[in-house]
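Each of the next two complexes has chain A plus one more chain, namely chain B in the first and chain C in the second.
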Partner chain A sequence: MQTRKIPHPGWNLEYLMFLFTRLSGLAFFLLAIIGVMAALLMGARYQMDLGTLMRWTFFPNPNHVLDSDIPDVTFGWDNGFWQIMQFLIIFFGGTHGLNGLRVVLEDYVHRPFWQIVIKLLIFVLWIFMILVAVFVVLGS
Partner chain B sequence: MTLDRKVSFFEGLRYKGGGPMLAWILHRITGLGMIVFVSLHVISSFFTQEMGSDWAIAINTVYESIYFQFFIVFCVLYHGINGIRIIILDLWPRMLQYQKEMTWLQWLVFVPIYGLTIFIMIQKLITGG
Partner chain C sequence: MKVTLKIFRYNPETDKKPHYDRFVVEAEATDRILDLLESIKNYQDGTLSYRRSCAHGICGSDAMRINGVNRLACKALVKDVGNKVTVEPILGLPVEKDLIVDMEPFFDHYRSVMPYFVGGEENPKKEQMQSPEDRERFDDTTKCILCAACTTSCPSFWASGEYIGPSAMVNAHRFIFDSRDQAAAERLKILNDQYGVYRCHTIFNCTDACPREIQITKAIGELKKAIVTARLD
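Up next is the complex of A and B:
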């Protein structure tokens, strides 16, 4: 079996995505900690159960906390700051995840032609997913 | 480029990679699990929101099932904790000689968090709270 090449530092896709995967992985922890701490400061402890708090932590969308005892979601839970947080999570999450899918698929597909096809397909999927998710965030 | 691996599935299972290999394969499985969940959820919420489609609402029942939720909590927690181990090992490659110990430490961190989460989920399921 052919092993993956070690990415050499420089402006190439493999190395940049290697760095991006690590950095966005750390960013998820930061974003989740900001989300859960802000929720607890806004009184989540007495207003929602663990599942609702976890949904909010993964993705701070106001629809995720509708099923709780919050009197008015528009007061603190639904504003531009959380929309920016959602865009960041979508961008980091979509890129991190689809790059991971590319890495896994390229381990099983060795022909250069099909590797290019996979790269293109995943690129199209990436653009599509981010556009759809942006629609959802702006519409919710 | 096209090398045949000449390794059957069962030979692959017998490969004695130990804990770190299990971590590698679980990292892939949990990552793919999250891709499936997030893709389904994004598509379903988009079509529910824009068109109120019945089939989009039907997709919700897939991941609202308790078994899928056990699985997705496993995916998120395992992938996150294993990811921290990978980042630490990449930043300080000299730690690689303690790879096995770190994999054990990782399970030691993972099991209580996952166990407690599952305990609370089952408790809620039984009491219906």
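Up next is the complex of A and C:
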């Protein structure tokens, strides 16, 4: 069958979150790979144990490498690039997870009133998480 | 051999709540569960109620839960299910009596996806041709017999009867991917909803349950892709 174009079926929250879930899942892999590769290139093999390397991979915060054998954390580890990486990881991971929670809860909560309450709660939790993330990323 | 059947019973006129009845039937390994139900109804308990029509797996009226799995009673053989058989109505639809459920909510979802051919101009001068390849594109989903085994095996449907369910999507797929049909966009708009394709969490129960072996989860995946890309291929 030849490919046929059709008018876009319309944008809505479900559509956007469906796309976001798939893209953020991929982004999470990409960010983790960048984290672990960069750490290894910066000499992590000789300077940190596996646990520290994993903590760096999934949340590249300089606090995670302070106690390792890295001689100068400010060099390479503690800079704006990794701050952006930290924020992206929290944003993609947290939003992906909380949206998943929203979808799952819709399976169990059917009363419209409670659906609104729970969605609101998840939204507040999400904003709170983003604020804490900004605080942690900028404050470390 | 002797087969023991434990059958879900409920008569809303006399019963406060459902119960199970046991029947023992003499059967061959190659008998169908429908044959056993017929034997019980004819010789042991005439009040036993269930739907059946063709008895050949094509009308879709006798989907029921046989040992916990949605199957057509007319396609399930004794040798495949053993000599202790539990028979219950399909889940997620209100029970009317014994193994009979109210199919209306199921058919409402079916009707909501415009399950009919929408052609182009009226009285066209020429025949509307379709190549064998184009016909092949939606062949799998033409096989649906609307038995509801898929939709009533789906946890998302159990969770919310508002979910349109796999069967309605199979029937939407049948027309959306038909190269001659003109209403694909309209149907995809209906499915692009909180209770449309997005309630499908790729659990695959539907694919396992389908007596016609339709690749339902794959078909739903194709609908999701068509919605996201605004293309049919």
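In the analysis below, the second predicted complex is superposed on the first by the 131 of 140 C-alpha atoms of A that agree within 3 Å, B and C clash if a C-alpha of one lies under 4 Å from a C-alpha of the other, contacts with A are read in each partner's own complex, and residues count from 1 in each chain.
We take it that a contact is a pair of C-beta atoms (placed from the backbone, for glycine too) under 8 Å apart; a residue touches a chain by one contact, two chains touch by 3 or more.
The shown structure was predicted, so the numbers you read here are calculated from the model rather than taken from an experiment.
**Q** Look at the residues of chain A and decide whether chain B or chain C touches more of them.
**A** When the residues of chain A touched by each partner are counted, B comes out ahead.
**Q** On the A-aligned overlay, A:6 touches which partner chain: chain B = first, chain C = second, or both, or neither?
**A** Second partner only, chain C.
**Q** Pick one for A:14: touches chain B only (first), chain C only (second), both, or neither.
**A** A:14 contacts chain C only, not chain B.
**Q** Contact-wise, after the overlay, does A:43 reach chain B, chain C, both or neither (first, second, both, neither)?
**A** Neither: A:43 stays clear of chain B and chain C.
**Q** Please indicate which partner A:26 is in contact with in the superposed arrangement: first for chain B, second for chain C, both, or neither.
**A** Only chain B; A:26 stays clear of chain C.
**Q** Does chain B (first) or chain C (second) touch A:136, or do both, or does neither?
**A** first
**Q** Can A:111 be said to touch chain B (first), chain C (second), both, or neither?
**A** First partner only, chain B.
**Q** According to the stated criteria, A:100 is in contact with first (chain B), second (chain C), both, or neither; which is it?
**A** In the superposed model, A:100 contacts chain B only, not chain C.
**Q** Which parts of chain A are in contact with chain B and also with chain C?
**A** Dual-contact residues (chain A): 1-2, 110.
**Q** What residues on chain A touch chain B, complex-wise?
**A** By the definition above, chain A touches chain B via 1-2, 22, 25-26, 28-29, 49-51, 54, 58, 63, 93, 97-98, 100-101, 104, 110-112, 129, 132-133, 135-136, 139-140.
**Q** Please give the residue numbers of chain C that touch chain A in the complex, ascending.
**A** That would be residues 133-134, 137, 155-156, 159-160, 177, 179, 184-185, 188-189, 191-194, 198, 201, 224, 226-228, 230-233 of chain C.
**Q** Once bound in the complex, which stretches of chain A touch chain C?
**A** Those in contact with chain C are residues 1-10, 12, 14-15, 18-19, 103, 106-108, 110.
**Q** Which positions of chain B touch chain A when the two form their complex?
**A** 1-3, 5, 7, 28, 31-32, 34-35, 38-39, 42-43, 45-46, 49-50, 73, 76, 80, 83-84, 86-87, 90, 117, 120-121, 124, 129
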